[in-house]
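The first chain written gets the first letter, and so on, giving A, B and C; residue counts start at 1 in each chain.
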Amino acid sequence: MGNFFTNLDRRWIFLGMAVVVAIPMLQGLSFPEEPSEMVRDVFKAVDELPDGSNILMAYDYDPATKGELEPMAATFTRHCAKKKHKLYFITLWPAAVPMLRQNIDILENEFGNDYTYGENYVNLGFRPGSEGVIKVVVTDLKDLFANDVNGEALQDIPMTRNIKNIQQMDLIVNVSAGTPGAKEWVQYAASKYQIKMVAGVTGVGAPALYPYVPNQLTGLLGAIKAAAEYEQAVSEAYPEFNDNPATKEALRRMGPQLIAHLYIVALIILGNVIHFTEKKRGVPR
Amino acid sequence: MNTNKNVTLIVVIVAGVFLAIRAANGEFGRVYTKTETVEFTKKVRDAVGDSVQPWTVERLVARSEVNDAQGQPRPDVHLSINRTLGLWIAAFGTLCIMSFLIGDNVFYKLAEAVIVGASAAYAMVVGFWTGIIQNLFGKLIPDTMRNSVLPGLPDENNAELVYIVPLILSVMMLWRLAPVGGWISRWPLAFFIGATAGIRLVEYLDADFVQQISSSIIPLIVVAGDGSIDFAASLKNSLIIVSILTCLVYFFFSFEHTGVVGATARVGIWVLMITFGAGFGMTVMGRIALITDRFSFLFFDWLWLPKPGVDT
Amino acid sequence: MKRTIPLLIAAATGFMLILSEFIPLTQSWGRKVMIWFDILAAFAFVLGGANLLKIHLQKISNRRVGWGYSVITVVAFTITMVIGLGKFGVTPSEAFPDFAWSGDYLQEGSGFDWMYQHIYLPLASTMFALLAFYIASAAFRAFRAKNTEAIILLTTAFIVLLGRTYAGIWLTAEPLAWLGQNLFGDAQALAMFRLDVIVDNIMSIFNMAGNRAIMIGIALGIVALSLKVLLGVDRSYLGSEE
């Protein structure tokens, strides 16, 4: 038995991982989520702003991380739209441009009656330069973004006509997969110019951003768990979202997540048990 | 090698049988769209008159909206051949990449070669249309851009000849590819490095040093509003300060880590181990979320298996 | 000359940007420099693409091992580039219908968007999704509690892994509520020992403190390195002597 595990082909482990993720997903295993204090802070940051506030939706993620961040971004979009905030979509990642459009599709399909392009939301698109973009738009937005993605001049669009720079934003909502992302927005915009900011990041990036909370970053959503809690918080505040299954994507993914976590814990324990048993027996590896 | 081939063969046969059963039982792997005519605003209609007629675009239709309430196909919805083909290519590509888990194989290498080429070209195209056209040519030759690709460029934007400098620097940067004269690319590289050093020096010092120290100056004894000591908050603050100080002592390598310094540094290491353990746990969480997304695509978007909470 | 002028350029650019932070009159110069930076960043994408093309064309030309896959790379690159630059399938912008090239290069339904949705997105996301499997394999083979530090690390990882899912609540909420009720008459008396609460405390106390210390150290390192670059002490970015 010991030899079996010692020489275990790792493909069996891969198969185990596939099974523990696939079966709960197909069975629809899900669990209730209780929003944590951090998630409630993020929720309040968006919800307590007066209706129609200016929100910079900086979505900096790509296909590699959309599994974790897309539910978060969609919930931010829906929550802000429910509050009728003015949304300015922007990205620092070239592969995030279609992600912006996906969120704009949410506004058009689900809030079409209340949301008009140019009056309630605008898509500024992408500019190369990473933190260099932030450095420019904090002082002069139109110097770098003369047009939106449709080619219209920002000075001709009602909601951007009087916007000189992003210091006029009431909140920065950043969904970030890495660099450039939340850290750069905190360093070059939020922290320096005292702009309120909340961020949703991957599980990998979340621990490193905790030092910014709460003085430089009002709140932080870390990984799919926080996304699920945020979905729960928004659903509790706005029960009409419960009729839309698309608002529960992160919650649906927490079922496979739990089983996979138990699998990983079991693997670590099993690996250590085998290791120390063999060490005791003096079995050479 | 035989094991590899046998495992691959078994997986392919099982998958093939499964797909055949799915195909026989009901349709799957299709994408539907509906045709819409674009609407010009009044301002645009007044500007162009009858010289330009509105065109049609194809809008994606969700699977749940393909049929009406009676289960009959909606007349305005039709099968999109190119998007259906795209869906199957996406599914095939996904399976090719996943086949690497069984072992390195020609399908994985094929998919890898495609993504390497496509992603490099994607970045190039995006950089061209957003950076070069918008910000370089849009400022150097705004009239030409206004008459071609950027008609919305504000009329008051005049040519700024100072942008010849980044144009020259950019050409120098591309010289890196030339067989001789590679040193020419040092000038734009130096500009890059100098600019990065300049902005990071100030912002890291502010946000990551001064403000972090400022945030660490918190009361060791927290007094609640009614004058009583909040023990939980006091303990939390004390632990934070002790943890930060012990970690910083560990990073201070100018003193030998012996005696009191050594003991303090040891506590700092333990705090860092807790930090890395938390980081590992969060990393695992993140990675698993990625595979659930891919399985979701394969099961629900491609194979049209019933999605719990949506279709059931 | 070949090395002196780049050093001067780096120093001038860097110090100008630092100056623009503190002297409002120079802020517009700093912004101009950053826009140049952003333009150069766009050309860096072009450089990257062209470099890739050069490497793979050389591989094909020299018939090195795996040159067949290089052909596929070059073909995929060329097709994507032509479709994107040529704006294939892109209709004019609805705001400027009389300008054929005014449409967004990534318009929904365009050729470039098709490449993104059906080639780039699935392949890129699946590449990264494979990491979940490798983490599982590494968990079994590599994570060993060999010493005190490793035990602390793994214990914390277990707590976070369990506490960040419903398992944390399921394992500890009810038992602790029962214990609290029976020992202290208050079901919430031992709530602080719930796994999800412990995780929140670990993240906001120890994780935050450790990362803050790391952040402070990195900030000092960045400042030192930036000064070395700007003062010409560190010249490694210039490459070898030529």
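Keep in mind that, in the parts below, contacts are C-beta pairs under 8 Å (C-beta built on N, C-alpha and C of every residue); 3 or more make two chains touch, one makes a residue touch a chain.
Not measured: the values here are computed from a predicted model.
Participant: Kindly indicate the chain pair that has more C-beta pairs in contact than all others.
Facilitator: B-C
Participant: Which one of the chains is farthest from chain C, going by Cα centres?
Facilitator: A
Participant: Averaged over CA atoms, how far is the centre of chain A from the centre of chain C? Could you give it in whole Å?
Facilitator: Computed value for the inter-centroid distance: 14 Å.
Participant: Would you mind pulling out the distance in Å between where the CA atoms of chain B average out and where those of chain C do?
Facilitator: 8
Participant: Give the residues of chain B that touch two or more other chains, as numbers and ranges in rising order.
Facilitator: Residues 101, 122-123, 126-127, 130-131, 135, 150-152, 195, 199-200, 204, 208, 212, 215, 275, 278-279, 282-285, 287-288, 290-291, 293-294 of chain B touch two or more partner chains.
Participant: Could you check chain C for residues that touch two or more other chains and list them?
Facilitator: Those would be 34-35, 37-38, 41-42, 44-45, 93-96, 102, 106, 108, 116-117, 120-122, 124-125, 127-129, 132-133, 135, 139, 154, 157-158, 161, 164, 203-204, 207-208, 211-212, 214-215.
Participant: Could you say which residues in chain A touch two or more other chains, in rising order?
Facilitator: 14, 17-18, 21, 64-67, 94-95, 97, 125, 127-129, 132, 135, 144, 150-152, 207-208, 211, 222-223, 225, 257, 260-261, 264
Participant: What residues of chain B sit close enough to touch chain C in their complex?
Facilitator: Interface residues on the chain B side: 38-41, 44, 47-48, 51-52, 54-55, 57-60, 82-83, 86-87, 89-91, 93-94, 97-98, 100-101, 109-132, 135-136, 148-152, 162-163, 165-166, 169-170, 173-174, 176-177, 182-183, 186-195, 197-202, 204-205, 208-209, 212-213, 215-216, 232, 236, 239-240, 243-244, 247-248, 250-251, 268-285, 287-288, 290-291, 293-294, 297.
Participant: Residues of chain C touching chain A in their complex?
Facilitator: 27, 30-31, 34-35, 37-38, 41-42, 44-45, 93-96, 102-104, 106, 108, 113, 116-117, 120-122, 124-125, 127-129, 132-133, 135-137, 139-145, 154, 157-158, 161-162, 164-167, 169, 196, 200, 203-204, 207-208, 211-212, 214-215
Participant: List the residues on chain B that touch chain A in their complex, please.
Facilitator: Counting only chain B, the residues touching chain A are 3, 7, 101-102, 122-123, 126-127, 130-131, 134-135, 138, 150-154, 157, 195, 199-200, 203-204, 206-208, 211-212, 214-215, 275, 278-279, 282-296, 299, 305, 308-310, 312.
Participant: Spell out the residues on chain A that touch chain B in their complex, using ranges where they run on.
Facilitator: 9, 11, 14, 17-18, 21-22, 25-28, 30, 64-68, 70, 94-95, 97, 125-129, 131-132, 135, 144, 146-147, 150-153, 155-156, 186-188, 191-192, 202-204, 206-208, 211-212, 215-216, 222-225, 245, 248, 252-253, 256-257, 260-261, 264
Participant: Could you pull out which chain A residues touch chain C in their complex?
Facilitator: These residues of chain A touch chain C: 8, 10, 13-14, 16-18, 21, 31-34, 36-38, 62-67, 94-95, 97-98, 101, 125, 127-130, 132-133, 135-136, 139-140, 143-144, 149-152, 207-208, 210-211, 213, 222-223, 225, 254, 257-258, 260-265, 267-268, 270-272, 275.
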